[in-house]
Amino acid sequence: MPLQVMAYNIDEAIYIPLQDLDKYPDHVKWISLSSPAEDEINSIASLLDLHPLVIEDMMQGEELPKVNEYPKYTFIITDILEFKEDELIANKLYMVLGKDFLMTLTEDIDTIRFVQNLVVSKARNIIEQGPDFLAYTFLDRGVDKFYPVLDEIEDIVMEVEDLVIEQPDKWILNVMTDVRRDLLIVRKSAWLIREVISSLMRGSSPFITPRTVIYLRDVYDHIIQTMELVETYRDILVSSRDTYMSSVSNSLNEVMKQLTIIATIMLPLSFIASVYGMNFKFMPELEWEYGYFAVLGFMILLTAIMIAYFRKKKWI
Amino acid sequence: MPLQVMAYNIDEAIYIPLQDLDKYPDHVKWISLSSPAEDEINSIASLLDLHPLVIEDMMQGEELPKVNEYPKYTFIITDILEFKEDELIANKLYMVLGKDFLMTLTEDIDTIRFVQNLVVSKARNIIEQGPDFLAYTFLDRGVDKFYPVLDEIEDIVMEVEDLVIEQPDKWILNVMTDVRRDLLIVRKSAWLIREVISSLMRGSSPFITPRTVIYLRDVYDHIIQTMELVETYRDILVSSRDTYMSSVSNSLNEVMKQLTIIATIMLPLSFIASVYGMNFKFMPELEWEYGYFAVLGFMILLTAIMIAYFRKKKWI
Amino acid sequence: MPLQVMAYNIDEAIYIPLQDLDKYPDHVKWISLSSPAEDEINSIASLLDLHPLVIEDMMQGEELPKVNEYPKYTFIITDILEFKEDELIANKLYMVLGKDFLMTLTEDIDTIRFVQNLVVSKARNIIEQGPDFLAYTFLDRGVDKFYPVLDEIEDIVMEVEDLVIEQPDKWILNVMTDVRRDLLIVRKSAWLIREVISSLMRGSSPFITPRTVIYLRDVYDHIIQTMELVETYRDILVSSRDTYMSSVSNSLNEVMKQLTIIATIMLPLSFIASVYGMNFKFMPELEWEYGYFAVLGFMILLTAIMIAYFRKKKWI
Amino acid sequence: MPLQVMAYNIDEAIYIPLQDLDKYPDHVKWISLSSPAEDEINSIASLLDLHPLVIEDMMQGEELPKVNEYPKYTFIITDILEFKEDELIANKLYMVLGKDFLMTLTEDIDTIRFVQNLVVSKARNIIEQGPDFLAYTFLDRGVDKFYPVLDEIEDIVMEVEDLVIEQPDKWILNVMTDVRRDLLIVRKSAWLIREVISSLMRGSSPFITPRTVIYLRDVYDHIIQTMELVETYRDILVSSRDTYMSSVSNSLNEVMKQLTIIATIMLPLSFIASVYGMNFKFMPELEWEYGYFAVLGFMILLTAIMIAYFRKKKWI
Amino acid sequence: MPLQVMAYNIDEAIYIPLQDLDKYPDHVKWISLSSPAEDEINSIASLLDLHPLVIEDMMQGEELPKVNEYPKYTFIITDILEFKEDELIANKLYMVLGKDFLMTLTEDIDTIRFVQNLVVSKARNIIEQGPDFLAYTFLDRGVDKFYPVLDEIEDIVMEVEDLVIEQPDKWILNVMTDVRRDLLIVRKSAWLIREVISSLMRGSSPFITPRTVIYLRDVYDHIIQTMELVETYRDILVSSRDTYMSSVSNSLNEVMKQLTIIATIMLPLSFIASVYGMNFKFMPELEWEYGYFAVLGFMILLTAIMIAYFRKKKWI
């Protein structure tokens, strides 16, 4: 469905061909594009009288979220984030908002379907309102999509928080670095979308009615919440990293303790052997027939006592 | 008490049978359900003309807190948290708020009784006001119930904070993980209930009067306080975990110190034994009759001196 | 002075007997109770027509700060904290605020005297205003008393912050735990008093005039400042505890270093002794007449060199 | 282009010679200076009647951002930061804002060009507005230039955050110190520019119209965001430094572990050798023909077993 | 200049003798005292009809910042901080603000001169305004003086932050403790001055005109900024202390590593010596003529290999 045009007013919501755009003066016209062919863009651009810069932005697809004012329309770029196969990707959403139309361009089919359903099912009174409310619906949906993304991140962050104590392995550091990068993407995106919404709320666009501004405030609150969550997760990651370092340190110390225990057991034994290696003229034990075996037996006994003592002290 | 219907106005508060609902046009009608049979729900649904989606939500019982607007009523879902046998559980509270009635569905008998008492005892002027005030009373009660839950968590958190220093055992980590999960549940619940109340305050529902909005602001403040407390406890847990890691590290180091002291006592003794194990032609001590015993005695003396010295230095 | 009744207006402030309460219709009447006998409470209760619940609360004396509305008066409970012999205690202050009277009940004689002086000295224009301003004066005094308490805590916290580095002894942990508990009490008390004041400011009581609300805002600001201070001290305690753990760790490591230095000095000596304990046929030194003493001398020299070297390196 | 004078109104934007300044009473006059000769400054100073203090400030070029009010104009100093060859430098921007003119003096050619383009291309409706809007454009541009600077810092900070774990080398500390100093410069600059903008917004200058104040609010928000980012990066640096210390500590401990393993392997071998160095009369092994080689073989076997055991335990 | 009296209005600013105070009814009178003799204070007190408590406060000179209302004037105490020979001292500034006069008493000559210059040079339109604006000028100057103090502290804090890593010496802890105490003084002072200004802004004094309140808001913002800076520096100190502890720990560990390396080199050598100390009947090496020297040579070789290996591993 590369191109769909819908016209709706309080009475009806119908699909129309692109060339009939002018035949519905009392309807809100929604032109929905998705992976359009170049000539489709061009024909729409000439129909809506789009500025070459707008067309260029939509073609290149690498612009950051922003709002640009033109005399006859407002050009809005925003991001819709989602996790695809553990990879965080940002779908672009381009919107051209005019007096009685909204043009949208995005590869996020899911969002298009979602808004179509809202319009067709007459939900949220969309059909009673203008194209700016439709644009708000898109922005709202885009911001709502932050939540599943953050939920996924939260799951990883929470698991990491447990793992850094239980199994402080090197790969957890890599997971943390990945999540940190994802959070950076989310924060940057949220930051810029906040700017977009804040700019629309301040009345930069004449096509946004005061009534829609009230709804935008809601979206604005959600984006602020998103940013707070990002900060929270980032804090948790930082403290998890500290805990990881402590865990590694404690594991190392635990090994050191084991090694030191071996050393501590060997030293008294060596000492005893050294004693009977002394060359004194008169050392009665050396003359005993079973002196050697008695000393070996004593060494074994001493080892057992030391191990038992360390066990009791919970050092082993 | 699966089903109770109460009708009240400024003069009286009486229990009525369900079928008499229409006979009290000037009363506020409160239909209270608790573990209802399916046909009870159905008969009420047809009486109040409930949407199938509302019925489905109430039947399944796993929905998150939210507000849904319908032309004739507002459907509100919220959580009422409590600790049952050390387990944090979230009772659902479903409310259908209409022009002159409120339907509530919850398994939390305690809350139903509490509100019934308020109505019957004419407290807080409930009977002078509409069903929205009754709904507020429920929301208020639900949010108030966060406090005992957080008190219980605070007790555990405070004890953990002491224990991580005094007895840094592994099981404390498990306790901390459990509390952390409970805090997560509380935070999520509070987060969503805040959204519900914020949505009602913004006037999303036509059945909420401005007067009740003022009271909702109070509930909103309480939920914000709850969220602050959750953050505080979370911070304490994080810092307790760091302290735990330091405690474990210090315990390990203490053991290392003990072991090293044993080693440090053995080494000079071994050295002395080695000295008399040397094969020099002329070593006068070796010829002494009691040289061996003199050396043994000196070793014992040296050990005593070292132990005394370490004691004095407070190393033992 | 279990019972004192004062009547004042813009012209005069006089002590009157309780039974003359009705004879001064144009005066503000202040009934001040302190450790009253039961019959005194009862006679006042019947005079002021107090609700049994109010009387019960005042008798039991264990209620938390709160505000209760009654048709003819507002019942306020608040805490006045102070340190008595290093113990943090919370004196209760009960107030019954009516149209032209204020009844106060507290054991905190100091506060009663303070307010009496203000009234008698005609300070702050108290006598030009109603009983709500008198109630405000009490609340203000109660909140002001947080400051000396927090000053005392600050002194301890600051000293602890120094001591954890200089003398990381176990008893400091106990001091920290005690202070932490005191802070908890202060925070809880401040939290609830904030609720009380916030409730009075929102106009819950008809006996509070708008003019007094402005003054209450001031008290509200002070209680918020108190809570900020509590958080600050708590943060300092947490970071002090971390520093304590590091201090202990560093002390332990310092001991380890001393022990390791002893070991490091012994090992080369033992090695030399071992060398001359070898059984080679041809070892010229063994044949020397003073070989033994030469080796002993060399060992002493080596020890001196090592100690000098470690000194130079600042390891000792 | 040391000196350029532009005059513009809603119809046109033209370059004019300095002496024609008075011939365009209905135009906004923009006098742009860059590395001016001294006599140029003097001639402009006499034309605009500049106070000697203003001239002195512009000559010396080391003043901090500030606003000074004079009867006929407002004198504004601000910073424009940029990275030049990894060095953070602050270009000064001096502005003299009068009723119908703006004089600017800066070495930042890039910013001059940027604003010239905006005026010539009639962007942002600059030409419909007064010289205060032109001054705002400069301030806005200056604040926008914080972002690339902070982006560069962010890149370094993020890399440092990874490196402190992977390669905790000494030079990273130096990088951190450098970035910390850059952040200090940015913060001080942002702090003072905030003061400048805040002062202009409060209406300190009669040459700033209310309409421009609205735009200044936008710049104010951006500068606040800048300061938040600076704090964030600073926090990351602090926590990175902690991680660096832990990393260094863990590397050291790792080395200690290796050394201790060597010691732990040597000790049992030494013990065995000591045993056969004992001088007991009756030690059967000593008499065996291949006893010596048997013991050597056993020592090699024991070493292999210990190494295998340590490998299995993942200590090596 | 213990006593100076200036009278000014929009036309002139002249010094007058004290006794002529009443001869300039249309002028603002500024009585400036500095280290006054007691009889000077008394004569002024009787002229201005000062309350004995005010005179007492000014004589004793140890009062904390506060505002006291009297019928005919407002009495203000504030602090002016400065560093004198590395010592932070707080000069008191006492002000008595009446309807048409301001009396100031301070030892801070610098501030008096500063304000005199402002008046004489007719800066900031002081002479067009009342004595409250003059009082504001003093308060503003006092708050401005926080900045150089904080700059000095910042320099120390930044240097400490570097030194704790590079040279973690004991004296840095003392510097930190000193700075921490200075910050405490600044915070307390700022806290109380904030209270003073906040009280004046709320209209507690009838001698403060609404116009001056606007200017006071500016001072209020500055004092808030001061308090934020204090918190920032305090945070840096806390984290620096943690870094110091880690630095000390790492230095200790570095020493331990050196010592352990010595031990690790000695142990294999000792082992070899022990081997040739065994008493086996048949040990061919013992019979070799140069066996002893071969073994000594092998020991030297082994030592060299170990040192080379440790060098390669970067352990030395």
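Lettered A, B, C, D and E in written order, each chain numbered from 1.
In this section, contacts are C-beta pairs under 8 Å (C-beta built on N, C-alpha and C of every residue); 3 or more make two chains touch, one makes a residue touch a chain.
Not measured: the values here are computed from a predicted model.
Separation of chain C from chain D in touch steps, taking the shortest path, is 2. Common neighbours of chain A and chain C under the contact rule above are B.
One rotation lays the C-alpha atoms of chain B on chain D, and its angle is 145 degrees to the nearest 5.
In whole angstrom, the spacing between the mean C-alpha positions of chain A and chain D is 26.
Between the Cα centres of chain B and chain E there is a gap of 42 Å.
Contacts with at least two other chains are made by residues 242, 246, 249, 253, 256, 260, 263, 267, 270, 274, 277-279, 283 of chain E.
Taken pairwise by the contact criterion, the protein chains form one closed cycle in which every chain touches exactly two others. Read around the ring of contacts, with chain A first and chain B next, the chains fall in the order A, B, C, E, D.
Chain C meets chain E in the complex at residues 158, 161-162, 165, 218, 221, 236, 239, 242-243, 246-247, 249-250, 253-254, 256-257, 260-261, 263-264, 267-268, 270-271, 274-275, 277-283, 313, 315.
Of all residues in chain A, those touching chain D in their complex are 173, 177, 180, 184, 198, 202, 238, 241-242, 245-246, 248-249, 252-253, 255-256, 258-260, 262-263, 266-267, 269-270, 273-274, 276-279, 283, 285-292, 295-296.
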